[in-house]
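Letters A, B, C and D mark the chains in the order given here, with residues in each chain numbered from 1 onward.
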Amino acid sequence: MPVKTCNVALLGNKFMGRSHSNAWMKVAKFFDVPIEPVMHTVCARNEDEVAAFANRWGWQAHSTNWRRVVAEPDIGLVDVTTPNNMHPEHSIAALEAGKDVACEKPLADTLDHARQMRDAAARSLSRTFVWYNYRRCPAVALARQLCQQGKLGRIYQIRGCYLQDWAGPDTPLMWRFDKKVAGSGSLGDLCAHTIDTARFITGDEVSEVIGATMETVVKERVILEAGGGEISGRGAATSQKTGPSTVDDISLFVARMESGAVSTFEASRLSTGYRMSTGWKSTVKGAIRFILNG
Amino acid sequence: MPVKTCNVALLGNKFMGRSHSNAWMKVAKFFDVPIEPVMHTVCARNEDEVAAFANRWGWQAHSTNWRRVVAEPDIGLVDVTTPNNMHPEHSIAALEAGKDVACEKPLADTLDHARQMRDAAARSLSRTFVWYNYRRCPAVALARQLCQQGKLGRIYQIRGCYLQDWAGPDTPLMWRFDKKVAGSGSLGDLCAHTIDTARFITGDEVSEVIGATMETVVKERVILEAGGGEISGRGAATSQKTGPSTVDDISLFVARMESGAVSTFEASRLSTGYRMSTGWKSTVKGAIRFILNG
Amino acid sequence: MPVKTCNVALLGNKFMGRSHSNAWMKVAKFFDVPIEPVMHTVCARNEDEVAAFANRWGWQAHSTNWRRVVAEPDIGLVDVTTPNNMHPEHSIAALEAGKDVACEKPLADTLDHARQMRDAAARSLSRTFVWYNYRRCPAVALARQLCQQGKLGRIYQIRGCYLQDWAGPDTPLMWRFDKKVAGSGSLGDLCAHTIDTARFITGDEVSEVIGATMETVVKERVILEAGGGEISGRGAATSQKTGPSTVDDISLFVARMESGAVSTFEASRLSTGYRMSTGWKSTVKGAIRFILNG
Amino acid sequence: MPVKTCNVALLGNKFMGRSHSNAWMKVAKFFDVPIEPVMHTVCARNEDEVAAFANRWGWQAHSTNWRRVVAEPDIGLVDVTTPNNMHPEHSIAALEAGKDVACEKPLADTLDHARQMRDAAARSLSRTFVWYNYRRCPAVALARQLCQQGKLGRIYQIRGCYLQDWAGPDTPLMWRFDKKVAGSGSLGDLCAHTIDTARFITGDEVSEVIGATMETVVKERVILEAGGGEISGRGAATSQKTGPSTVDDISLFVARMESGAVSTFEASRLSTGYRMSTGWKSTVKGAIRFILNG
């Protein structure tokens, strides 16, 4: 059976590079997809690391030259999992090379960069998407169906929260706490998912932010001496010295939606005892509650 | 054994009059109290109703003349459970007659009236309290103790919500939807409890409201023809005609506390599937989560 | 309005005496009952204690002579809350004096005594009931209605459990651990409720016990020196010496019902972290799950 | 880096064949394993199906001749995911060919066959294991550690249950309901897991079955006309005719453990509303509760 395929180039070989490799590897095994992804090339800065990564996850080639990779004629789709501040350059270059682009969230480090990416996508003929993966969570997909079919009636209120607890005062100063690299903290990392999920389920859009705050609660963190440790920084080697965290640990806002519904969004990396998100919608006929690792 | 007692006068014989009668009747049976309440007089507008109420609940006397009752020399404490817009007049008269006053929440129908009540209390020698009864819920009292003892460490965030679902579009236009009588809707009825509980547990105070909204979602409701029905209006006789609801069904705000913690407060009478409240505090060492009929 | 009344005599002034006093005091306040109970006489062994109890809870008279009380012409109903081994003598005497009898569970200390009580009730014209109070829990009453209306379809399986955790090795040798007084441990104290609830909800009866065990896990307990302490024995004064516990801490059985459904029943006083019961029924159309303080 | 590898042969290409393929494919990607599995050959009865399966999941070769495959010199481990009644022949042949064997549960269709497999394993030098995969669930592994470290103290009681709801009266007569093929129903399919988990966590063994029952509740089911449909038989083409189900839908037993602890085990395929298992252990110091998709 002749199968349509698409050669994928992955930029980045850290946590998300691993997650996406797993997804590319499995999608055509569990699902019958119209186009089968081919794990063509992975690209990252460290030659040894990227070679080992390619070998482990089954990428056919590896590279440390992202410009060459995104320009390569064989590549159909570029998957961007690099640090947030690299998303704009990587994505725009790929778009300009005529590739389809799948970019990790948050889309960009600044609003201005996000708009440049939007414009570059609009100018190109490529297809793009952002990795709001909760859309493919079966419960979320079902919630959207129920909502679109009118089974919930009028939506009065949306409550979205994404609470984690890994960023206490002992967590070291990883790149996630550096505004220049990460752009934001809980807002882009967590709340972005919740906002997207609310939009996806209801089809509604935020029309007005009534009030909002972003808090940097832990203002100084110990400096990392070397790599290692977990995603959360636990177990990493650290210095005695501290440096400033420049992103928000908690972000909260109250908003009005275009439909007239009101909403609260809460994201926190300091929510002791929580790992994941919960959302909720209130309506005439029904309500939806989604708790993942509540 | 000679026991110290206090004669209580109850104003109001509806839902809260019943709840308070139950409390006055039982408190000295389940607990050893320094002063035993005596159920002296209940006062309400309808002679027949108040006579039956007194007989049923064991009040020694009844009256339809609240002015005479609050002035009666034998009375030590006046318990105000009348509609919200009557709280100021009833409470201030009782204070001026030298009585201790226990007033239902919300304290008053307007901010101006609440300040008059505060000033009257300050001028008097009487003791006063507002019926924030969740303070006596064992879980809340324990939460306060844990917090006061420093067992939770620094409080980062307070999340308070009180969600009910009885005020859908089919609920008739009871006094609770009339701003002149009720003062407010979800804010005074529900959120007042949550704000008080947060203050009680943490000892912290709101210093700034960052953003807030109060929504009248169901703008017209069918007019009540007669009494009857449940607290929620279910089963009451209604007209075909509708009238405007003038209070908020949903109230939401983001606030900063004096300690620097941030907070969200949500109250709703339109939360399908919910009956009661949940709160939560995030800290270095621990977190508290309280769900009553969650 | 002339109201029909019934004079109640309460035997016993401990935990259940208190609970029942609360019930007799409130039932006609919260509900419109066809016959109003009158708290006529409370009877217990200690003169001072029973006098204080009567005063506190509002019993009109008190006595230490139960034989005289159950024979008193004015009394209409005798409420038996004495230790389990006293139930037969107290209940049968009351029945023979022509009184209605409400007896606490477990009905008796031995099967033989229970049968004597059943026969005495059958011989008399009195009405009787056992205090299986969960029947009046609104969720249980609703479950019964759903079941009786056929809304659950055929019942395949009943799972009943009642788990508590107060009887660890540190709990002293209270009367509840003395087979002569209590008759049994977890079986009569806890499992009796669950068996009754299953029967009440489904209308089904146990036809065969397939396998069962009753375990005395903690075989020796420290002897109580004096009264005091909580229901659970916590805080009571104890000796250094120990004595044998002669009742079951855990009881388990698998049974078949008359309908053909199979069932498991579990009761334990050693279930760390549990306070209360959960039950469950499996069916074609639906299932019921009831958790009280789960 | 020279890596030690092991060539795996998979027998069976249905639900478990798929699950195991996923596991063999991913284990060396997510974990650093001492021996890397190589997906060498998959073997099943239908030539076309097994070829497509091999292609989809990345098996290097495929075959329809299991005898040749288990004898192949290159193969190090044979993974048996065939129907339950084939486990004995397939496993024993593999053992006799000197291969390591990983066999799906339940081990065999009859007790006699299970003993033959045990004896064949004892006679060989091969390593064997049964796919009790819950042992690798992180929560279960942690529970075992806590238990082995004595952190739970003495175990009083074990409650194991595995409840599913897919086998209602509308589910067709799949091989899972045929005693000749499946050996048993809920007992081998579900309860086997729970018994193993209890043994794995506590290190304790069942010493006496006090009472047990296995119930075939749905005695006749519609006959399958063709393949298709889900694991649960939903969506499969069916005849109008019915045939007898010869396995248990519900299995229940009360047992005593070697340590003296008592236990209940419940498994059901008719538990409306349930998908998965819950277990629980009661102890002096602590308790463990594990609910997966509760």
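Here are a few things to note about the model shown:
Please note the rule applied: a residue touches a chain if its C-beta (ideal position, glycine included) is under 8 Å from a C-beta of that chain, and two chains touch if they have at least 3 such contacts.
What you see is a predicted model, and the numbers here were worked out from it, not measured in a lab.
By the document's definition of touch, chain C and chain D have no common neighbour.
Distance from the centre of chain D peaks at B, each centre being the average of the chain's Cα atoms.
Our note on geometry: chain A versus chain B, Cα centroid distance of 44 Å, whole angstroms.
Each chain gets one centre point, the mean of its Cα atoms, and the points for chain A and chain C are 57 Å apart.
Inter-chain centre distance (chain A to chain D, centres taken as mean C-alpha positions): 37 Å. Across the assembly, chain D contributes no residue in contact with two or more other chains. Taken as a graph of touching chains, this assembly is arranged as a ring, one closed cycle with exactly two partners per chain. A complete list of chain pairs in contact reads A-B, A-D, B-C, C-D.
The part of chain D that touches chain C in the complex is made up of residues 156-157, 159, 161, 163, 165, 168-169, 209-213, 215, 217, 249-250, 252-254, 256, 262, 264, 266, 268, 270-274, 282-287, 289.
Across the interface of their complex, chain A is touched by residues 21-22, 25-26, 28-29, 56-57 of chain D.
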